[in-house]
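The following blocks contain the structures, represented as structure tokens.
Next come two complexes, and both contain subunit A; in the first it sits with subunit B, in the second with subunit C.
So, the complex of A and B:
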């Protein structure tokens, strides 16, 4: 009996280990609205799978549902890292349909977009709690990173002991200030990039492999 | 004749015991209070002062204008400062309105209150107590939250206040746990920590303010 039990335990340990190793880590791309999360997700997905994740837009809250791209294989230094990318809606504490009216949108559409964006934030927060193994936190390096949302989200990520990579996006813009972001979150490494132009993506992939591999 | 039955129109002097068990003529239990008349009938009000506290045990005598007096006397006695202290529930726009009125513009009610204040001076505390019995549930809610309200008021309103107080507490608790506040259609305020902490997943917001939530954990447990 003891032999059988030991054998069964050994088999289950081996199979568990196999599944754990095979299961790609789910990496959530988080950040405030219009930081360039979808642009980054598309850049990563196109570079390694050829597909896009979702439409990009300069209008805030374009992404109102979390979108997942599974089995993105990133090869770095002869080593393969497989991740699932989850592009999440921009997180904010206030959603107002009026901000969409400036983008040639009628009120009905703006109100609907606002409601969907709010649902999107709820979904993003839910994913953060339940479903991600690591976080890529994207910030627009032309804007002030000292916001309630950023502080709260980074705090939550830290409290969960999730590996987190902070990306200072939009370095192609003239007002970009990467150092400001590095100063805001000195406990984390800050990687500058332009997801739109593909600048410094090599370092981003190296860090992704290092942090989430 | 400060009190008038709103059913049959019969009037009663201030502090009258007749009306405590309902209008003797029509049995109505709603009376209108006329403060200007109170000043005129001041002499008759004083002798009946001693008997007025019996009104405490007679909450059935309900005069509708009384809530106004109760709330005003509450704010006059310094309840204005405790009310803004309830900033831990800043979200309820209905609650915020009176706070702003009392806090930012304390002089606003003065004009309207001038004659009422005169009337109050003309009456004794027993009469004020008798009238403080008859408050609407809304006023009771507010009174229950005014921690600094006059002791006389709280004593006399305690028995009827218990039920609305529970409702109020429930509202406050619900508010603390609210994760998405609909300010107006298309305008939302989100409590990120609350959204993060809650196990249920809000998948859809309805126009009327209802949520559709999914509880995957609960389903998972029952399935297993």
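So, the complex of A and C:
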């Protein structure tokens, strides 16, 4: 990209920020499939609005459409931060319907699920380029963070200068290794949590207010 | 290919005996638009080739590559791509001015192949070990 394009984008971001200062920030919850993104989105939404965002499942690609929960008002240290939570489908570079056959699905259902999953991932990438003001990046702390999807997505987020909070989820599980995630992305702060059990959510909310307020 | 000598298995398509690797130089990619680069990569990968880019893609192009790949996945035909690059050694090592001037470095060796033929065995900051299978 050339100077003019970059300048235009930078000015656009600044003016957008000035005129939309009071509007809720759209915070995308991103990460690979099965990291616990919807569990986290539901936890945040239930804690502050009483409603859930969407169904959770151990089957990959349960979330196949970006879902938005608007006007989630989080109070921290006497100040209020209002955000829209955008729960996105898990990002991947491949989807094979045969993987769903292991989860008691017939071929027709598996093919439909895989088609919806691919549409959902494409939609999530579009949101990331165009429509979010910040990112909560959720990783399963029991799995290896050195994956290409993580490397690329963190690179994309950084290239857009979006504020990003990395959450090491599933600390309630025995194989959890938060340090491994911190080592993989040393340029970012890593916050441990269990979205399922609600562990360490106080720190998560403090950081959300700090990063996106 | 008319007149070609059949290879060892009696098939005259040499790709059936091995894995074709296209190594694309930075100079070759330089004059292409983002979509031309993505098309070049996906056309090769959909033919079953392994594509190696000397200088990789920008983050924005990587994002579009994922998006276009998703639109092309179809059951029993194309299940997507496997892509490998080294993680950025040090994030934020480019100044704001560099990015403002469009001097964002994207130089990173990148390997892309069909998801059903390439499997990552090990990956860390400075080693990527990959298994490539035949068709």
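Everything that follows uses one rule, which is that the second predicted complex is superposed on the first by the 194 of 213 C-alpha atoms of A that agree within 3 Å, B and C clash if a C-alpha of one lies under 4 Å from a C-alpha of the other, contacts with A are read in each partner's own complex, and residues count from 1 in each chain.
Here is the rule we go by: a contact is a pair of C-beta atoms (placed from the backbone, for glycine too) under 8 Å apart; a residue touches a chain by one contact, two chains touch by 3 or more.
It should be emphasised that the depicted structure is a prediction, and the values quoted were computed from it without experimental measurement.
Chemist: Record, for the superposition on subunit A, whether partners subunit B and subunit C clash or fit.
Modeler: Overlaying the two complexes on subunit A (C-alpha atoms) leaves subunit C and subunit B clashing.
Chemist: Pick one for A:158: touches subunit B only (first), subunit C only (second), both, or neither.
Modeler: So A:158 only meets subunit C here.
Chemist: Per the contact definition in the header, classify A:96: touching subunit B only (first), subunit C only (second), both, or neither.
Modeler: both
Chemist: Could you figure out whether subunit B or subunit C reaches more residues of subunit A?
Modeler: The partner that reaches more residues of subunit A in the superposed model: C.
Chemist: What is the contact status of A:146 with respect to subunit B (first) and subunit C (second): first, second, both, or neither?
Modeler: Only subunit C is touched by A:146; subunit B is not.
Chemist: Now for A:119: first (subunit B), second (subunit C), both, or neither, which partner does it touch?
Modeler: both
Chemist: Which holds for A:187: it touches subunit B only (first), subunit C only (second), both, or neither?
Modeler: Only subunit C is touched by A:187; subunit B is not.
Chemist: Which segment, 63-71, 117-125, 153-161 or 207-215, is the subunit B region that clashes with subunit C in the superposed model?
Modeler: 63-71
Chemist: Of all the subunit A residues, which ones make contact with subunit B and with subunit C?
Modeler: Residues common to the subunit A contacts of subunit C and of subunit B are 91-97, 111, 114-115, 118-119, 121-122, 125-126, 128-129, 152, 156, listed in rising order.
Chemist: Going by the contact rule set out above, which residues of subunit C touch subunit A in the complex?
Modeler: Per the stated touch rule, the residues are 58-60, 62-64, 66-67, 69-71, 73, 75, 79-85, 87-88, 90-92, 99-102, 104, 115-116, 120, 123-125.
Chemist: Which residues, counting only subunit B, touch subunit A once they are in their complex?
Modeler: By the definition above, subunit B touches subunit A via 179-180, 185-193, 195-197, 201-205.
Chemist: Show which residues of subunit A lie in contact with subunit B when the two form their complex.
Modeler: Against subunit B, the touching part of subunit A is residues 91-98, 107, 110-111, 114-115, 118-119, 121-123, 125-126, 128-130, 149, 152-153, 156.
Chemist: Please output the residues of subunit A touching subunit C within their complex, sorted ascending.
Modeler: Interface residues on subunit A, with respect to subunit C: 1-3, 5-7, 10, 91-97, 111, 114-115, 118-119, 121-122, 125-126, 128-129, 146-148, 151-152, 154-156, 158-160, 184, 187.
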